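Mind looking over this structure? Questions follow.
As written, the chain order gives the labels A, B, C and D, with residue 1 at the start of each chain.
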Amino acid sequence: MTLPMKKLKVGILGATGMVGQQYLSLLEHHPWFEVVFLAASEQSAGKSYAEAVKGRWHMQKNIPVDASDLIVSRIDDLAHAMQCSFVFSALDTDTAKLWEERYAAAGIPVVSNASAHRKTDDVPMLIPEINPYHLGIIPEQQKRRGWKKGFIVVKSNCSLQSYLTPLYAIHRHAPLTKVMITTLQAVSGAGHPGVASFDILDNVVPFIRGEEEKSEQEPLKILGTLQNGTIKPAIGITFAAHCNRVPVLDGHIACVSFSCEKKLSSDVIKKLWNEFVALPQQLQLPSAPKHPIIYRPEEDRPQPRLDRDAEGGMAISVGRLRQCNLLDFRFVGLSHNTIRGAAGGGILNAELLYKQGYFL
Amino acid sequence: MTLPMKKLKVGILGATGMVGQQYLSLLEHHPWFEVVFLAASEQSAGKSYAEAVKGRWHMQKNIPVDASDLIVSRIDDLAHAMQCSFVFSALDTDTAKLWEERYAAAGIPVVSNASAHRKTDDVPMLIPEINPYHLGIIPEQQKRRGWKKGFIVVKSNCSLQSYLTPLYAIHRHAPLTKVMITTLQAVSGAGHPGVASFDILDNVVPFIRGEEEKSEQEPLKILGTLQNGTIKPAIGITFAAHCNRVPVLDGHIACVSFSCEKKLSSDVIKKLWNEFVALPQQLQLPSAPKHPIIYRPEEDRPQPRLDRDAEGGMAISVGRLRQCNLLDFRFVGLSHNTIRGAAGGGILNAELLYKQGYFL
Amino acid sequence: MTLPMKKLKVGILGATGMVGQQYLSLLEHHPWFEVVFLAASEQSAGKSYAEAVKGRWHMQKNIPVDASDLIVSRIDDLAHAMQCSFVFSALDTDTAKLWEERYAAAGIPVVSNASAHRKTDDVPMLIPEINPYHLGIIPEQQKRRGWKKGFIVVKSNCSLQSYLTPLYAIHRHAPLTKVMITTLQAVSGAGHPGVASFDILDNVVPFIRGEEEKSEQEPLKILGTLQNGTIKPAIGITFAAHCNRVPVLDGHIACVSFSCEKKLSSDVIKKLWNEFVALPQQLQLPSAPKHPIIYRPEEDRPQPRLDRDAEGGMAISVGRLRQCNLLDFRFVGLSHNTIRGAAGGGILNAELLYKQGYFL
Amino acid sequence: MTLPMKKLKVGILGATGMVGQQYLSLLEHHPWFEVVFLAASEQSAGKSYAEAVKGRWHMQKNIPVDASDLIVSRIDDLAHAMQCSFVFSALDTDTAKLWEERYAAAGIPVVSNASAHRKTDDVPMLIPEINPYHLGIIPEQQKRRGWKKGFIVVKSNCSLQSYLTPLYAIHRHAPLTKVMITTLQAVSGAGHPGVASFDILDNVVPFIRGEEEKSEQEPLKILGTLQNGTIKPAIGITFAAHCNRVPVLDGHIACVSFSCEKKLSSDVIKKLWNEFVALPQQLQLPSAPKHPIIYRPEEDRPQPRLDRDAEGGMAISVGRLRQCNLLDFRFVGLSHNTIRGAAGGGILNAELLYKQGYFL
């Protein structure tokens, strides 16, 4: 792989929050992208990044040296943002709703983690291993809105990562019909401060607002098809989800039962998983895991603490494949919710967009 | 209710383990039963109970004063055990296999928490709110083995408590057909030392040996019918279970989806739960919860830490009843695994047996 | 003890926060006090209490039925507050600064948990077992400010409770000279939401803002003397404190080393602790623990989960008394920080004030 | 630095336990050492290593491929062990007592983590940054026992690492007189299964058997001097320690207060820490941290989860240096107890021994 001679200048919107911090951590030393623009709220704007996150830097790694001294911009500082080839958006939903479109309109592509545009039917919800061809809708998206260079691509909710790619590896061979999921989700999924410690120590909270709906509907869009310039949700599949918060720092677990249109054996499914590679692996994208799906043969894996960091937190670990009394099969899936499920996933999206020539 | 003038003398087999300790704690000041006999392993036998559990008493309450000075017996000290009207068995499976029968043969009824006889088809697996009529098989059990006064009654696995009674409240009006369960189980369910802290802090273990099988098969026996002197498992219902260990001290959560033979509304189900009472309530057994099933209207309940102690840990809390995309309905159930799910459940079993005249 | 015929009407300022909720929980069924007035912030005012705390009631017990329907008042609704014989204040520091004085000026005594007046030299910082005679300064406090019936009495910081009473039991026989403390404090001490779960799971935070200063200075005032109408801090004693936050729900641990003016033996100290009773016990105040100090003989006690609820959370547990290489002795102390260390302690203060005739 | 052409063959005694596993993990790809011999108990002997640790491999990394297939030996298989240039011992105390001497007698140097020989006055207790000159006693040790090539070198207890090196950096400029320590220790320090989860979730255990004695006495030996062929403990310094177990996976915290013979300023101490380097750094030993002591300027650091992995878990993090009311200064120290405090520390010891020519 030949590296680009010069790194692309990129920005991060919502740079001081937990996902923003994760972006900065993961982009340090990135071979293609160089962070030059950081936008955050009023109270951070005008300060150096180090100053802005003082007392609330939550990553284990120190603040990247280059980012420390960057002066944080206001979100409306589009003039300054124009130097970026694209921006990552880690904005909260309401701010995203407003500003992602303005950035795109100004000619700056937005690679978003926010949920604001997940339901917009000409905005691709990209998992590079699953639906890279959804990017084909970008010209349509631009045309409709009169945008030239700008566009919006979004990530799915973090809970999906632990089950959707393993299910897709099966689905492309034997279409799924029914999927029942129970998630056990880490506290970092709620951002910072997120879940109060008093609410979760020695406890489980069997409810996460909006999470079950997202876990049931977003897969349909991701597995959907392009028709007449929009993404039509997949039909013939039903997802049902129970979502729980558990006292785990990072790593979402999914207990999954599923049925397919045709009969499969355990061995075939394991083979589908072990041999699964897709476009990010073929293109050797810098953040692509070599093995997107890792099947653990142990009887008690995957486990969040032991498996979340597999391939730098970008691989999905699965295990315990066995027959289900009610549906065809069941298994346990796991992914790192703030890496593969958030900033790492966003970076992989950007790498694919870049490699495919979407950043002009 | 008139209390018996004189308390029944009872024993505890496996008195030094976690369940044995829970029995002693809960039986302190019991209106009907008085602990006079404690049996444990070689290394404890001959010591005072306080001495035997020194450094490994795990209850929040202190050791009951009366029990402290009891000299621990060997399990084979049947002569000494004969003073008991019955014994609670908190033995491990292998020891239970051997000794529960010997006690019963010696004329001492055994109210057991062990799994040794759960599959024996003329040994009732009793949940007093569900299948009290299974006790009718006891004479058959005795006859077959030539036992006079002795018999064995067992408890189900602790994981069932959080879902089976709420499901039964529905089942008796609209027979169940399919039940999908994912449990999030507390560490106390594994006894002491049980789960190593290094394995469960910041982690989930998505596997508990034998637990899924029990969670799927034991309900069928409990909901089964008496036929020709044996208990025939229920037919027409299928249970499927995923079992997980989570870093919670006490309280098993179950995320449940189910279908019935006929259509029900949410309101009907809530009414069935809110109004559910059964034999233990009618007989006003001392350990019977007034409300065996408590429906929590909050959107994020039940939770282990907040709800496990409802009605002294003997009530089941349920919540989040809503329609399921795949089966009819779904909900979250919770019970205290070492109280309702172990010693408290065993005591309730004994209270029913006593009230029904089984201890001669 | 003869109970008062009619309960005193009392109010709670800051009723919707964690300490306010704890007050309501503990005052349900109180023999002397009846909660009739609840004040909280703008957004709660005008709602029923149940409505106001919806989704953020953090106690294990349900909301007391009587309180559920009380309409929450604004803090400035003094007209409505005038029905109260006194109020408990669980206000944050800034609001307390302003409003506690206004209530007192309006003739309503304030029993406060806030830190606003802890340093005011004519406001007693009361631990009923230690310095009840500090109440003697109240007339002086009133005279100076022109208050008639109103006055302010405060509680100390919660961290002190686990070591100061055990130390005082020694101090009154052999004056202390040096005390070195390291605390391991529960997350509930930070209120709700308080400590973010992401910051404390699998972690310790060796810093709590302002806590070490309070742990070092407040004991001096509590052990101080009345002179010329003010409380003079004790002299001749030095406290040094390290304060840590640990992933524990309730119960502050203190590892203490100390020296006295004269030599003591272990046996004498244990005797001082075991036999310690003070005015609250003599007056049989309803919330007074029978044994204010409980010495645990086990080598590994006290522990938060096992000992915090001793005597309803009002007793201090101590253990591991042994000689220290550098100071005279060392031990471990423990108290329940939201009961003895907050609302329960405030209630005990009010009981003493009532019994001593301070509520006219 | 020129690397050795051929790696030294090394063995691990007690290879299946937690420390043994940590050794294997850390030695994978080690530039100087190659693991060729693994000894463990009866029940593991004869199996492949992968087989022997099946179901109880606790490291996040997978079992090193080379080690997987090694056949585990019995501890008495000295014939097989003779191929090793030296062995690491992660044996339990009793086995260590017996077998470390036999290995040394057989000519195989033993780099030990066990406590068996920590008090033996001609066995160096080595922290390479502090007392490398203690190795000078090895010839004496050998002569006395008639050993030719073999000898024993031990590590200190893991609790010391978080405070002793920072204190030593001060001590060599201004001799210490008094040190008061309270430790908050991670569960991995107790090995596996170690602390039961039921004992430590939502809890602190303020007692670890033998730990306070080790924390007080071992520093004296490490800071001691060589006299007449033995190591004389340091005089003029007193250590006092409280040791606690907290629900943290890895990373021991120490809250330290200390006094010196002469007055120092904060700035001088920070400078001593920031500039501290010693022999392992000068020799560029492969496992030596570049900055053995890292001073964190944040007000709330070091924290176990954020700082334990500094420099691969080999650096000590310190913070919160401030004056103490009773002694001169206080600070918080932190080290990774299973890396720097166990296997990583043992490897650094071996690297120093090798570089100094002790492995013939």
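Operating definition for what follows: contacts are C-beta pairs under 8 Å (C-beta built on N, C-alpha and C of every residue); 3 or more make two chains touch, one makes a residue touch a chain.
All values derive from a computational prediction rather than experimental measurement.
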{"item": "Contacts common to chain A and chain C (chain labels)", "value": "B, D"}
{"item": "Interface with more contacting C-beta pairs, comparing B-D to A-B", "value": "A-B"}
{"item": "Length of the line joining the C-alpha centres of chain A and chain D, rounded to whole Å", "value": "41"}
{"item": "Chain centre separation in whole Å, for chain B relative to chain A (CA means)", "value": "43"}
{"item": "Distance between the centres, which are taken as Cα means, of chain D and chain B, whole angstrom", "value": "47"}
{"item": "Shared-contact residues (touching 2 or more other chains) in chain B", "value": "201-202, 247-249, 299-300, 305-306"}
{"item": "Chain C-touching residues of chain B, taken from the complex the two chains share", "value": "55, 60, 201-202, 249, 298-300, 305-306, 309"}
{"item": "Interfacial residue positions of chain B with respect to chain D in the complex", "value": "18, 58, 187-188, 192-202, 247-249"}
{"item": "In the complex with chain D, residue positions of chain C that touch it", "value": "178, 180, 182, 184, 202-207, 216, 238-240, 242, 244, 246-249, 253, 255, 257, 299-306, 319-320, 324-327, 330, 332"}
